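I've put the structures underneath this note.
Each of the two complexes below includes chain A, the first together with chain B, the second together with chain C.
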Partner chain A sequence: MPMLAEQKKRTVRINGCVASAQAAKYADVDVIAAYPIRPYTATMMALAQMVANGELDAEYIVADSEHSQLSIAHGASSSGARVFTGSSGVGVQFAYELYSPISGSRMPVQMMIADRTLDPPGDFGSEHTDALSTRDMGWIMGWSCDAQEAFDNHLIAYRIGEDPRVLLPQMVCQDGFFVSHITGDVELPDSGQVKEFLPPYKHPYPLDPRHPVSHGPQIMPEQGPPLQLERARAMEQSMAVIEEVHEEFAKIFGRKYDPWVEEFMTDDAEVVFFLQGAHAVTARFAIQHMRERGLKVGMVRLRTIRPYPTDRVKDVLSKFKVVGVIETNMGLGSVSSGGVLYAEAAAALYESQKRPLILSFMAGMGGEAIVLKEFYWMTEKMLDAQRRGKIEKRTHWVGFEE
Partner chain B sequence: MATIEVQRQLLPILDSPNQGARFYNPELPSSEPFVPGHRTCAGCGPSIQYRMTSKAAGDNTILVGPTGCMYVANSSYLCTPYNVPWAHTQIGSAGSFTAGVAAAYEAMIRKGKWKGKFPNIICEAGDGSASDIGLASISGALYRNHDCLIICYDNEQYANTGIQASSRTPYGGMTTFSPPGPEVPEGKKLYPKDLARMMAAGHPHCYVATASVGYPIDLMNKVRKGLNHKGAAYLMIYTPCQKGFVYETPRSIDLGRLVVECGLYPMWEWNPEKREFNYSFRPASMRPVSEYLKLQGRFGHLHAEHIANLQKFANEQWKMMGVQLPEALIQAADAKNLTNMAAAAEAQAVAQTL
Partner chain C sequence: MAYTELTVWTRGIIMDKEGRDIVNSISASARIEGKYAQAMENYVDNPDRTNCPTRKYCRVSDNVLENELTYENEHPNVVVLVEGTMVKGWDYMRGMPPGGTLVINTHYTPDYMIRFVPGPERLAQLVCVDAAKIADHKWLYYRLGELGLDRLSTEGAAERNKSIAPDIAAPLIAAVVKTTGIVKMKTIEPMIANKHAFEVALNELHIMPLNPVAV
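Presenting the complex of A and B:
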């Protein structure tokens, strides 16, 4: 679109929601499916204004539900359009039926998620349970920790998902409020950079009357395994593409992200936090303070949880004596009464010759901030485990224990 | 922003001198976007409708099929009866998936990413999808006025899952979810949702009509009017199901005519320009409902009072159409007069040409 050609690189102060909207604009999306639910709504508000202003030429559809949002996205992506949608909290779950059909038909729909705690009760705060409940549906999924990273992740995810070797939908997640509604400096690129990085969407088999295809026919049970295997392989093969695309992104935009994990002060660390999302920002401060007191603490932030970087997580976490997983998600009745991150990190470490002790910290539930003194408290628990050389109690509810 | 104007198709309306009578039109299009080789039952009403609809639409068409019997029976992996692009969608996604396809083509043509005339985008949803689980998604698509045609192929039940009652199942219709028994002798106690009228009332900017496989030219013309209408259109089409209705398979088209002749399936069009209903369709004859009921096993359990209730219902539909009720049909709405109504001689007495 001619509008994008006029964009020059500039830095603006915007929140995560607006950063996501800006990314969708730079990606020149064709179809947007909106439905309101806090906190992600601000992204769709920003996009509506861009369409109204003539800054973005897209079909902006106000759907009748999240289920319809995802179905609209599915239909539009199947027809060859680049699609953007999003949701939060229970909205993510209202659309649940569609996640598997979309990945199964290999449509690279992109969905922005600003996390919100599930009901009950009606709680606006960020908790990752909403998106994580869909983690095994065949979507590429990862979290940003600030507005700039949110912007970048959208472009990166489109490039990965639309790659003909991948063709999978993507959930680009950010914490509600901690990222979605907190402003930060975001460098908006020159549109030429985006054109260089993100080629136009071209699905190999769209619904096009000139080349008729049938999408999603019914199968017999014996046809199930090969189709499921193909989808599983697409997810596995995406790992190489994810690494390639991150390198390409760094070359063009100058920001280098490790696609899988961010390591912070881990060089000589003995105990580390393992988490994803916005609480990493507080964790960095807390770690710096504790480092001043001589404590060998660091942080490993998971950036991509689907596909899960099993070997990378194993190799990285094996270096430490104790790993304290900060969940920000609920796994009621789950392994060790912990959350999703604990169970998966423990599974990744199982084959390691050097297994650290692992603690699960249930913190940030309901979108509660995790404050510095809670990081200190969790560090004490990790150091205590290190001293004893064993875990007395695997899961701790932060703020409810001495 | 520089945009490309979207060019749309205009399909000619077929000659139909007497819409209510049997009529063969040699000018039917030769294209067959829906071809044999699927697994539908003998005499399947919905597949007859699929063929007529896609024939009327032609080759620049995209079909959307929400889950239902016409998904399962038609599209068996590695084999397809569709000569045009077709996509399955979830049973609750009839309107929304279709809206996505329409929106994609609007944007792609406008932005120069796809070249050609805007395709016919047709969703064919069963009545379970259209009247129950996908109702909101269809209402959304009609309300937003995407350029598409949404069809409810109405076989008055969930047939794919083994015949369960939907909101379109008629009063007295036996299904596995509305079986008759000593406590519930009529089986289905509720009357069908007035689905097409609801769509016309709620989305008056849309072309809305009812049709039946018993009147193929009328059906195809309504498909074309719906496609020619710029914006959303909605058709509810009677498509008998021999598996659920339990009738002799060669009688599908007969049932498609009888249901109209008995007043149980009023044929009308909603004109979005004039904002009024057109009730001018007249079947060749008027008949008592028993003529229609007696051919179907799903009504075999009905008592005289239930048949009279259905006649009352049909009489109300005739009144709505502005048709003068013959005395015999008024009498037939009273169970006391109804004992022999299913007999051929009695039926003959009230059958009359309109």
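Presenting the complex of A and C:
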């Protein structure tokens, strides 16, 4: 198999979609399964160019739908290939049938998701609902907040998913527009660094006519539970691998990420935002301004949602008086009548001796930017809850209330 | 100018690259000069359709851009119309603070064009430049086939011509930079592919001074 051409470390100004394509190139993927849908389209276009220019030696297959796209990814991965695919919004939904079979057959397919609001009506904007609706399908899943982190997360996720102790597919998510189409400085590594970090992929039981094996046959009901238990264990056991891989990434590339949560100005914070993804960029500015006014506010950004870092979330959020969950997703009729992040944060805190008050903020819906004054408004709501010592209203739709 | 917003209105596909080249080159120049700058396309306008109005944005600031994720320019100080007939039909002046600049690619004079501008009292200057003539812009008539292959509503990914401002963008960039000083001439000039059109335009701008704002 021809190896990726030598590359020297350099900084380029690219958006999240191109950063994802670059990461796939550095990971020297073997098969790319593509089907266009905005904003993911920009990633498949960049990859098509790389293949056409001879920068990347990969099978580039354009499917006839997302369902076929993920089926191709499944088959290619079963034959031992390193696979890269991706989608957005309703495209993610159309491929839904494949998510469980891929994780169930323990194929470390990687899927880039650039979020897009689900219909109706058609909206280009970003909500996390598309990927989050697949969150229990056995895929490792997390969000990045800028192009550099997106690039890094792709390499990190391959290393985690392909680890023989894990063997699980990964959804590497980024907000549509806010990451996918905002340019930032991205350090592309030296190819030697990538070789050191990400060894060539080798599945233990690939489909191979010389060594016949069966994948995904029909089974009897009693054969189901042990397989489900194995998949559940793989998810649990991946947590140690995730921590290991992040440490090794920091050693080789010099960028240290906490695998589970980013804490920003939380040392003496009393009220914090709890969120995922790109809105953290604006939240950091808002928090700095509010700190100048003496408000003890901070932010906790969830970086990995599957596997869910229950104990870590419990320990971190227990330190505060009020937690404001910024959803950026729809959980219609859910426990908070808001989004889905609230329920898991609340569940993680249930065993804590010191439970903060929790509010759910429906903000950034439909792909609206969450602007500074909305962060100030949400902070006021949290401080108000802190003063009263109780929650008057569990879920707030930001921009629709006084 | 501590913070400047530049909004470019252009025609989908056929002049998409031109609009993109303007915001990209100015933003890149500002960063070379040590400023904070961002260039982006209007996310909702894309993928563009032939001839449809589409917008490109640039922000230049002495300070960190805290509104990097806001997907439209809300208060453009400078507006560029890449194609002259765009002067009529919609409010490209919306949100412009007093003291703004409007640059139009047109063979008409500012005296003629000003009557179509909504809210001209916000302008410090109206700048007309015959960019199509200066750049010897003929592809709409003679190179349509090439254009059809090169421009496929792919946010630029499928364009074969990777040079910056090989065509009508060059005189328009010259007009913006000379009349607003958003970046230095010597920073941006080396990036421009059509240097001839860039140089000629500097001397062929038709500038109508309007309502300056005291600084």
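Keep in mind that, in the parts below, the second predicted complex is superposed on the first by the 397 of 402 C-alpha atoms of A that agree within 3 Å, B and C clash if a C-alpha of one lies under 4 Å from a C-alpha of the other, contacts with A are read in each partner's own complex, and residues count from 1 in each chain.
One rule holds in what follows: a contact is a pair of C-beta atoms (placed from the backbone, for glycine too) under 8 Å apart; a residue touches a chain by one contact, two chains touch by 3 or more.
Bear in mind the structure is a predicted one, so any value in this text is a computation, not a measurement.
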First, second, both or neither for A:150, with chain B first and chain C second: neither
Contacts of A:200 with chain B and chain C, given as first, second, both or neither: first
Touching partner for A:68 - first (chain B), second (chain C), both, neither: first
Contacts of A:261 with chain B and chain C, given as first, second, both or neither: neither
Dominant contact partner of chain A by residue count, chain C or chain B: B
Partner chain(s) touched by A:168 [first = chain B, second = chain C, both, neither]: neither
Partner chain(s) touched by A:209 [first = chain B, second = chain C, both, neither]: first
Touched partner set for A:27, first chain B, second chain C, both or neither: neither
Those residues of chain A which chain B touches in one complex and chain C touches in the other: none
Contact footprint of chain A on chain C as seen in their complex: 28, 38-41, 43-44, 46-47, 64, 66-71, 154-155, 157-158
Of chain A, residues touching chain B in the complex: 1-3, 30-31, 33, 54, 57-59, 61-65, 67-69, 71-81, 83, 97-98, 101, 105, 200, 206-220, 223
Of chain B, residues touching chain A in the complex: 1-3, 59-62, 64, 71-72, 75-80, 82-90, 92-93, 95-101, 103-108, 110-111, 113-114, 116, 119, 136-137, 139-140, 143-144
Footprint of chain C on chain A - complex, ascending: 13, 38-39, 41-42, 45-46, 48-49, 124-125, 177-178, 181-183, 278-279, 281-282, 285, 367, 369-372
